[in-house]
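What follows is chain A paired twice: with chain B in the first complex and chain C in the second.
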Partner chain A sequence: MEWRRLSLALPLAALFVVFFIAPLFVLLGVSLSTDMDTHTFTFAHYVKFFTDRFNYSILTDTLLLGLKATAVCFVFGYPVAWIAARARPGLQSILLLAVILPIMTSVVVRTFAWIVILGRQGLLNQIVLGLGLSEEPLRLLFTEWGVVIVLAQVQMPLMVLPILSILAKIDPNLADASRALGAGEWRTLWRVTLPLSVPGVIAGWILTYAACVTAFVTQSLIGGARLVYMPLHIYQQAVGANNWPFAAAISIIFMIAVLCVVAGLNLLAAKSQRHAQA
Partner chain B sequence: MRKPEPQVDWEARSVTIVLGVMTATAVVVLIAPSVVILLTSFTDSASLRFPPPGFSLRWYRALFDADQMQAAAWNSLLVALWSTLLSAVLGVAAAVAVSRSRSWTARALDGLFMSPLLLPALAFGFAALIFVYRMGMRPNLLFLIFGHVIVCVPFVIRTTLAALSQLDASLEDASISLGATPAMHFRRVTLPLISRGVGAGAFLAFMASFDNVPVSLFLADERTEVLPIHLWQQIETNLDVRTAAASGVIIVVTMALMALAERFAGLSKQMR
Partner chain C sequence: MLTSFDRRMFLKAAGAFGASAMMPGFALAQTRTLVAATFPGTWSEAHREFLAPAFTKRTGARVTQSILLGTDQVSRLVAAKGGKPPFDVALFDAPQVLDAAKQGLIAEYPTAQSPNFADLLPGAQDKWGPQISMQIIGIGYNPKKIKTPPKSWEALWDPQYKGRVGLTALNSQLGIAFLAEINRLRGGTEDNFEPGFKALRELLPNVGAIGANLGAYATLWQQEQIDIAPYNFNFVQTLKSKDVPVELAIPDSGPVGWSTSMHLVANAEAPDLAVSYIDAHLDPGVQAAMLKPPYDVIPTNSKVPLEGAITLSVAKTYAELSKVRTFDWEKINPQRTALIEHFNRDVKI
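And now, the complex of A and B:
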């Protein structure tokens, strides 16, 4: 019975083996060979990446960019989830649709809209200049903070939805008990609600982080040509420089780096769950 | 329980106010880009200034002559429809297979099918391109669709698994003991009960495919150029107002589809 049931997964598993696992192994193979035609084994591309400061700093910049954007998502996403969890069903649906809208609208369209808003003569600069907050237009496009803001807007639902689903499950009596015992609202939020929602928070961090570091379109259009992050670096090496083995090596390095961060967050999640049960 | 005194609890109120203000800020930032680009697309000038000096439909009319853009839009639609169909069929079957099983194989399969959500999609797209070349072939429509299925199927599996976990296990025992075959039970009992979850997943898969850049970047060629890549290149080279009009169309269609998905599949509940 068990095996008959599992056999239903065979078609998809076959597609994944042929078109997902096999390509990843080929990618690994190419990254370890001198060039595309001769298959001589070499670590040269990896050595090149880690000995060149330029390459190395792109990786750390990308991982840090993900961290900053995820942090902004969390600071604004948690209140949204908290308010949505307490809202009437109608208001809750509207809030959720507002949160989901950006991730549904095409990423190119969304990023394009931000160019109109953040540009030198964009909406934001008109407001800033109009209010006399600054003498000259602010540089927002092609800066790291520009990329962080746009990433945070785009990936917000990935943070809000897991937190909301766990907030909805928390027994409201716990917060009542905390208040009855004399804790104020802030203390209850900080010492009861937030710790209980940690699993949702970490799920949100994982999804948001993975999406932010790999957001090629947003990074390249808002960051411009001078702010290079890993996805653009891979693309430039593969298509621009036509250096497939090196592009393959940086792809592998990038994937492993992202998986390490995700695994680290997963460990944190497991630890916090044990902590909650103890 | 003791009712609090009628005086206002300022601390409780301050939490609601602070978090409420942050939520309002977030909602404004979330909505603003869509509104701005919609208004800009109706401009009567040739620049992307906001607010537009005047309104007209000229850039929407210009879309009728944008042959390349239209071809790209049809390609995107074709690829998205096939990817969604394949993702739905393969994904529902896989979800039924791994649901309610605690076996090692089922967990491993579940992890494998979800991994495209976490792995950098651009690296996968590049790997797929190398793979196709290594097999002595060139990228074509079929490979493009397969690539999209890999990155879209997790959405179907996730919502279908959530719907399946809501089902009562005794339903299956009941219909089997009444003489139904497993296939009959699936078609007559399970499928109708999980249809909202499957529908929401299929909607998400469609949007993810229609919007995909990282995989299409490597697996699409000139003949199969898809809309997001066409628009991306337009934005990189020259900021054309026709792009804003195309964006306007995309936003309106997206909102309409979202309203339908919310109405028939309870989208916002399925995504939680």
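And now, the complex of A and C:
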């Protein structure tokens, strides 16, 4: 009978094998060949990547960018989820809509909106100049902090939704109990609510992180060509330089690096779960 | 009962799906369709507005555009090698023609089947496919901020433009062409780009933004993020038609540029339609229509009189146009990877 149940997953599994696993092996194959025609086996592209500090620094910059953006996302996203989880049903659906609304527009549109806001003649700079806070327009576009801010906003729903779903499931009696035992709001949040919401937080971190490091559109539009991150690097190697094997090799390396970070987060989640149960 | 109902529904749906899958075959039997590649932005608009109707008028066939940059087209054709190509007509800038011909992605152009080919300027009659236009680069500037038009490329290094200069990454044709021209002016050759890179490093304090692609680059002008930067004649005309404050100055070292050409893809599904489509682009009527603003596509058919913006800033006659300096892509192409890497290393913050 087990087989009958599993068979329901077969269509999806077949789809994955054909359109995800198989191409992944093609990618791996390309990354290990000298060029697109002869397909002679070589490790040269991987050696080239790791013996060159430039490639290396792009990888670390990208992984760090993801951490920064995810952290900002968390700092702003958690309170939103917390408020939404405790709000009256009417207000809750309004907040929920506000969180989901950005997903309904394309990433390109959201990113372009930020160009209008952050530019030299942009909204933010007009306010800053108008209030006399600065003589010169601030440089926000084409800086790493610009990319972090925009990524944090663009990917915010991925952080808020998992946290919200966990917070909504926490028994409200627990918070009441905490208060009855004399803990204040902050202490309750810190000692009760936050630890109980860790699974949602980790899920949010994983989703947001993976989305941030691979956000080609946002990274290249806000960061420009002076801030090279892995997605742009891969694109330039594949399409600009027509060096597909190297592009494939750095794609594999990038994928493994991101998987490692995600696995690390998962481990953290498992550990905190045990901790919470203990 | 419910399960049998569901199964019946499923069979019906499957039947409908199968039938609809066969429908395009019917449609194809009646009107043939050509898939032709074109560049994003104004090129695709100009082709839809003038070329597609002219093509349909002569053949009765329809055309579907595949909108891709030249380098992306090469990638797609490489990926589809040995099978059915994703489009029958390719639109390339000069450097891609060499790559595509070398890799067997395009076929030699059957000039005998293309009556307009003989009317092209001699330089435009390439055996791999006719040149349909020319792209010219110069110094783009914002006339609201810069009152006297810049006279030479050296203006970009002027300290008064600190933080106001724009560049594009080297994966764009504009970026590579600008580097090659600066390199030449600073004493480099197509074998030695060091003087060009040295000049770029000296330019960096002035550079406010480097667009990762040409779409992002246009945004820099629209948002007035930059005031002065290398730019294409055609992109400037497009932005001007949208009321963006930008003008093009041709530096005293003369205009530089490259040709844009159309090609019959190797193993094309409908080679007769493809050649007819390309020939329609060589038609004097079509070229004259595309020369009008806002497209200002520089013609290559000698029967089309030069007029409009091109004669004001770049060249008054075809003789002058033929003197526009071009680049030795045969030498530059193999270095492209190295150049992109060198550039990325130099500009990375």
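Operating definition for what follows: the second predicted complex is superposed on the first by the 275 of 278 C-alpha atoms of A that agree within 3 Å, B and C clash if a C-alpha of one lies under 4 Å from a C-alpha of the other, contacts with A are read in each partner's own complex, and residues count from 1 in each chain.
Here is the rule we use: contacts are C-beta pairs under 8 Å (C-beta built on N, C-alpha and C of every residue); 3 or more make two chains touch, one makes a residue touch a chain.
No experiment lies behind these values; they were computed from the predicted model shown.
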{"item": "Clash or fit (per the criteria above) of chain B with chain C on chain A", "value": "clash"}
{"item": "Which superposed partner A:L227 touches (first chain B, second chain C, both, neither)", "value": "second"}
{"item": "Most chain A residues touched (candidates chain B, chain C)", "value": "B"}
{"item": "Chain B versus chain C as contact partner of A:T214, first or second or both or neither", "value": "first"}
{"item": "First, second, both or neither for A:L15, with chain B first and chain C second", "value": "first"}
{"item": "Touching partner for A:L96 - first (chain B), second (chain C), both, neither", "value": "first"}
{"item": "Which superposed partner A:L141 touches (first chain B, second chain C, both, neither)", "value": "second"}
{"item": "Which of chain B and chain C A:I256 touches, first, second, both or neither", "value": "neither"}
{"item": "Which of chain B and chain C A:A238 touches, first, second, both or neither", "value": "both"}
{"item": "First (chain B), second (chain C), both or neither touched by A:Q121", "value": "both"}
{"item": "First (chain B), second (chain C), both or neither touched by A:T105", "value": "first"}
{"item": "Residues of chain A that lie at the interface with chain B and also at the interface with chain C", "value": "112, 115-116, 119, 121-122, 220-221, 235, 238, 244"}
{"item": "Of chain C, residues touching chain A in the complex", "value": "69, 71-72, 74-75, 78, 99, 163, 167-171, 207-213, 216, 219, 223-225, 336-337, 340-341, 344-345, 347-349"}
{"item": "Chain A - residues contacting chain C, complex", "value": "36, 54, 57-58, 112, 115-116, 119-122, 139, 141-142, 144, 220-221, 223-228, 232-233, 235-244"}
{"item": "Residue ranges of chain B in contact with chain A within the complex", "value": "1-2, 9, 11-12, 14-15, 18-20, 22-23, 25-27, 29-34, 36-37, 40, 48-50, 90-91, 93-94, 96-98, 101, 103, 105-106, 109, 112-113, 116-124, 126-131, 134, 143, 146-147, 149-150, 153, 207, 210-211, 213-214, 217-218, 227-228, 231-232, 235-236, 239, 243-244, 247, 250-251, 254-255, 257-258, 262, 267-268, 271-272"}
{"item": "Contacting residues of chain A [partner chain B, same complex]", "value": "2, 5-9, 11-13, 15-16, 19-24, 26-27, 30, 75-77, 79-80, 82-84, 92-93, 95-102, 104-117, 119, 121-123, 126, 149, 153, 156-157, 161-162, 164-165, 168, 176, 180, 184-186, 189, 206-207, 210, 213-214, 216-217, 220-221, 230-231, 234-235, 238, 244, 247-248, 251-252, 254-255, 258-259, 262"}
